[in-house]
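Two complexes follow with subunit A in common, the first pairing it with subunit B and the second with subunit C.
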Partner chain A sequence: MAVSWKRKDLLGLEELSKEEIELILETADSFREISLRPIKKVPTLRGKTVVLFFFEPSTRTRTSFELAAKRMSADLVNIQTNASSLLKGETLKDTAKNIEAMKVDIIVMRHSSSGAPHLLAKAVSPSIINAGDGSHEHPTQGLLDLFTIKEHKKRISGLNVSTIGDIMHSRVARSNIWGLTKLGANITVCGPATLIPPEIERLGVKITYDVKEAIEGADVINLLRIQLERQSQNLFPSLREYAMKFGLDSDKMKYAKKDVLIMHPGPINRGVEITPEVADGPYSVILEQVTNGIAVRMAVLYLVSGVKERKG
Partner chain B sequence: MVLKDKAKIMDAEQIDKTLTRIAHEIIEKNKDIERIAVVGIRTRGAFLAERLAKKIKDIEKREIPVGILDITLYRDDLTTIAEQPVVHKTEIDFDIQDKIIILIDDVLYTGRTIRCALDALIDFGRPKNIQLAVLIDRGHRELPIRADSVGKNIPTSQNEVVQVKIQEVDGADEVIIQEKED
Partner chain C sequence: MDILLKGGHIVDPINKVDSSSDILIKDEKIAKIGKSLKANSARIIDCDGKFVLPGLIDMHTHLRQPGREDEETFLTGSKAALKGGFASVLCMANTNPPVDNKGVVEYIYTESKRMGLINIYAVGAVTKNLEGKELTEIGQIFEAGARALSDDGKPIMNAQLLRCALEYAKMFDLPIISHCEDLNLSKDGVMNEGFISTKLGLRGIPRASEIVMVMRDIELAELTGGKVHIAHITTWQAVELIRQAKRKGIKVTCETCPHYFALTEEAVLGFDTNAKVNPPLRTKEDVEAIKKGLSDGTIDVIATDHAPHSEEEKDVEFDSAVFGMVGLETALSLSFAELIEKGPLNWKQLVEKMSVIPAKILGLNNKGSLGIGADADVVVFDPKTSWVVEIKKLESKSKNTPFIGKKLDGAVILAVVGGRIRYENGEFK
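So, the complex of A and B:
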């Protein structure tokens, strides 16, 4: 691990090198043990202030970042966007400038517009961590998926990973594709044609519309949530049809390898993209992903907080 | 900064004999051997911990739990150094509650590493006591910390570096003094 961390921000996996991704994963591996201690706290980020700035609903990611920051002794502020001055017409940049003026160190941000964290990263000096921007990237989810796969399979390179579901609107899919391809996995995406973005193969992935083909030979199957609000856009006929055709159930699991890993970034729609017996079954590592998320976020907070060059 | 080898303080045999002596000292000092566990500070202290535990085990015919501590997250200079040091794993797979913890490191110098290690250990529980063993004590303490067992006291100037080399990391067992040249 010759590489050291130089980035003020973590905006996506697209711009990271293989070595930087590996550095985060190895750092996360060292942090995991902290959450298993009787006293789940280390003093590392004492005196640092972390602001959670979430413009979209989130349970997992927000709680995970909050616990990661608190277990490292950082001070934490949650900004409720439905009770903030943004409702009074303040621009995102002005709000961020004001937060910066309160001398915070790290802003963890989720926003419905792709690129919003990138805008703030240039505008303010605190570190910006992207916790999901539009349908662009969700880097810490991509990292925790890599971490979970590596933990089970001991490698990433050469694995066959199939991602099934709404690829079009999924920031998780994009971060996963960037991370997995950089580390040498073979990726297949699968879903209804209306939910596969055009030219996605240029990212180095294989496309199939046949779910059996996606399941067969896969070392990892990553299911994406069918965002229920998409159905109103008539992108697929009905949830029931989606579930029959693409939903992973015990019947379709017959095609899967005996040591397949079933992953899902959550929240899961039971009975749509995955049936309960698969979600709670022996191949599922869905809850391990959640546990690993804290270690990965601790690693990211640790690495960005050490960067001294802080041009906004 | 260039380092020039100045003197060899210990060779492999002396290191081994010194660890044997420290093992005997620990056994002599502690009546309840069943409580003893050895914890080494990364990187080189971790290997010394394995060796020391084996020596105690060979003498007492009893398994001695061994742990490894990475003190990076407890350092007091994280806000001043250029970039974040690589964090390695802390591996303490046993309950330290009411144990006698033999904390071991290669060189005792300012005492700041030991301060970190004490804080880290106490986050794992409440040991009965913690005793410090070091292969080399080179002086220049900046904190009120002392070792219970010392392999060798070496008076040094702050212009010198004491390097403990360990077979598993450096390919040989030896202790050398180097001098900084600018």
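So, the complex of A and C:
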């Protein structure tokens, strides 16, 4: 491999080169088999301390990071809190400095404010892995999506990938756009006009409000979760209308290619953005994404843990 | 002691002076202007190669006293002002308690005379507790010495209430400084809405939030004949609306701030909370329009919107950080670099926007001028001294500026307020 990993932190896919992304994917490929063994443990991160610092509820991502760290023998601490209770007392930076003082190696962080991990990356010496910041990025989700697509399609370049749903508030959409465009895929985003953020076409994606157009010719369809609270903000009239216009059901699947992959970062709202028969159907790789998430996170933990240079 | 400033380039638009001359300050007033002046007992200061300007007047300052003396006081704010060439500032009403009654206005004048080194003028709130619901006792606030009214920091969303305020304030010839922001459109926004907000996943504030309120306020100016001054405009559309309104003869004035012509929304990249300001930094297109508006006279005033904030309010997540940046110390150097060196304005225009017109809008009759008998507020600016903005060198108690690390051309080397040298070569007196 021509490139080696030099980054202390993984904050997003925007700043990564194509080669760095490929390095992570190849490293993940070599780790995948560990989770298939009867004894699911290697000593790679023995003696390293990983802190999961989650300011938003998360089951999937937190468990995935936890298993990834444990299967590599790291010591692990879980801190789950919410941003508002923290704000009243200690600042985020002070909390992080306290964690740093306990000599940990890696902080995996999820936060409802875009840029929160970037603040910490500048302030403390442990590696920061972004496990989702506001509507900004969710790099490991983007990577596991790439990994899953590559596994099935054997390539990324030239594929047509459609992302349907709430693009505006989605960190998954942004990380996917960065990762997929760097690896040469063609991306279409689709959703209600109120949920497409301004000037997103400047990221090199096509916009359509016509779900049929997004489905036709797509090699991959990535559905995003629709949150009920968006309805109360008048971003769309009702979940019912959303499901009718944009939800992927067997009817709309008629327009899809025969070898389409259906993906979803979870958690799924069955009957809203996707119907059960599509989510559980033959084209769905939603649970494979979850499985692959562990390998990708093992790769990321491994790569950042090997970086000697620390700033403080 | 009398002061004789020798050989500086005097820029005094009111008296149409824009050339080298001497200037004699006697007691608290300008005594003489002319070539080769002599004065026996005066302190003589060589100003060759420097610009001599009427003391600048900042129409938009937050000095945080009373309430947040940990962020700024009349003393630290005065020092920052002097270093930036401001002899007078108008401090906004959103203190704690707010300046919504005569007592707080009186406090500002008493305390600022005791602690301050410059002329500090009060703005009275338009509404009680800045809540946008009930008018303050405007007459009493005026009699206590307030020079303008504003709920700055918050817009007055109720157009009928603003209409009444404008009509009522006409009796005192008080301008109302309007913070134009539609709170429904700007809700939860933290930066300009556009490509950068999309990229960073931050909630945007659309230009329309400013534009619709500028439109409304122009209509209210026309309806009431009151003195509307629109604070900190940022969008090309607002510039265009005000240009059209002025053409129609509607009485409206406006200001912008140095950060709206020296920076774009790209300053937010990397989540720099020092670039989080309300209204938000906009785009290159807007910066060009702001410069054009300054040069053709659409934009009357350059003000700082100096907004000191503590580190614990700024060094946090972008969404949680408060809006605002300090600006008194950098305003003149930034204006010199962006507007004079790069061309859109000449010195005469810059002095008009930073001293002459603010004096006129605020009714400060003896200020903004270097004419004989005018108040001796004078600053000397050396275009050849450059300096780097550094946290430890800032006089303001708060250090929240995105210009940290930037090298700026031109510095104030002397500031005289009321005939007294208050600042000279880095020293306060």
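Following the convention adopted for this analysis, the second predicted complex is superposed on the first by the 306 of 312 C-alpha atoms of A that agree within 3 Å, B and C clash if a C-alpha of one lies under 4 Å from a C-alpha of the other, contacts with A are read in each partner's own complex, and residues count from 1 in each chain.
Simple rule for what comes next: a residue touches a chain if its C-beta (ideal position, glycine included) is under 8 Å from a C-beta of that chain, and two chains touch if they have at least 3 such contacts.
Predicted model only: the values in this text are computed from it and were never measured.
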| item | value |
| --- | --- |
| Which of subunit B and subunit C A:137 touches, first, second, both or neither | second |
| Which of subunit B and subunit C A:43 touches, first, second, both or neither | first |
| First, second, both or neither for A:29, with subunit B first and subunit C second | first |
| Touched partner set for A:4, first subunit B, second subunit C, both or neither | first |
| For the subunit A and subunit C complex, residues of the former touching the latter | 14, 83, 87, 91-93, 111-116, 118-119, 133-137, 171, 174, 197-200, 202-203 |
| Subunit C residues touching subunit A - in the complex, by the definition given at the top | 193-195, 197-204, 270-271, 312, 315-320 |
| List of subunit B residues in touch with subunit A within their complex | 70, 73-74, 78-79, 81-84, 86-91, 119-120, 123-125 |
| Residues of subunit A that touch subunit B when the two form their complex | 1, 4-6, 23, 26-27, 29-31, 33-34, 37-39, 41-44, 47, 72, 299, 302-303, 305-308 |
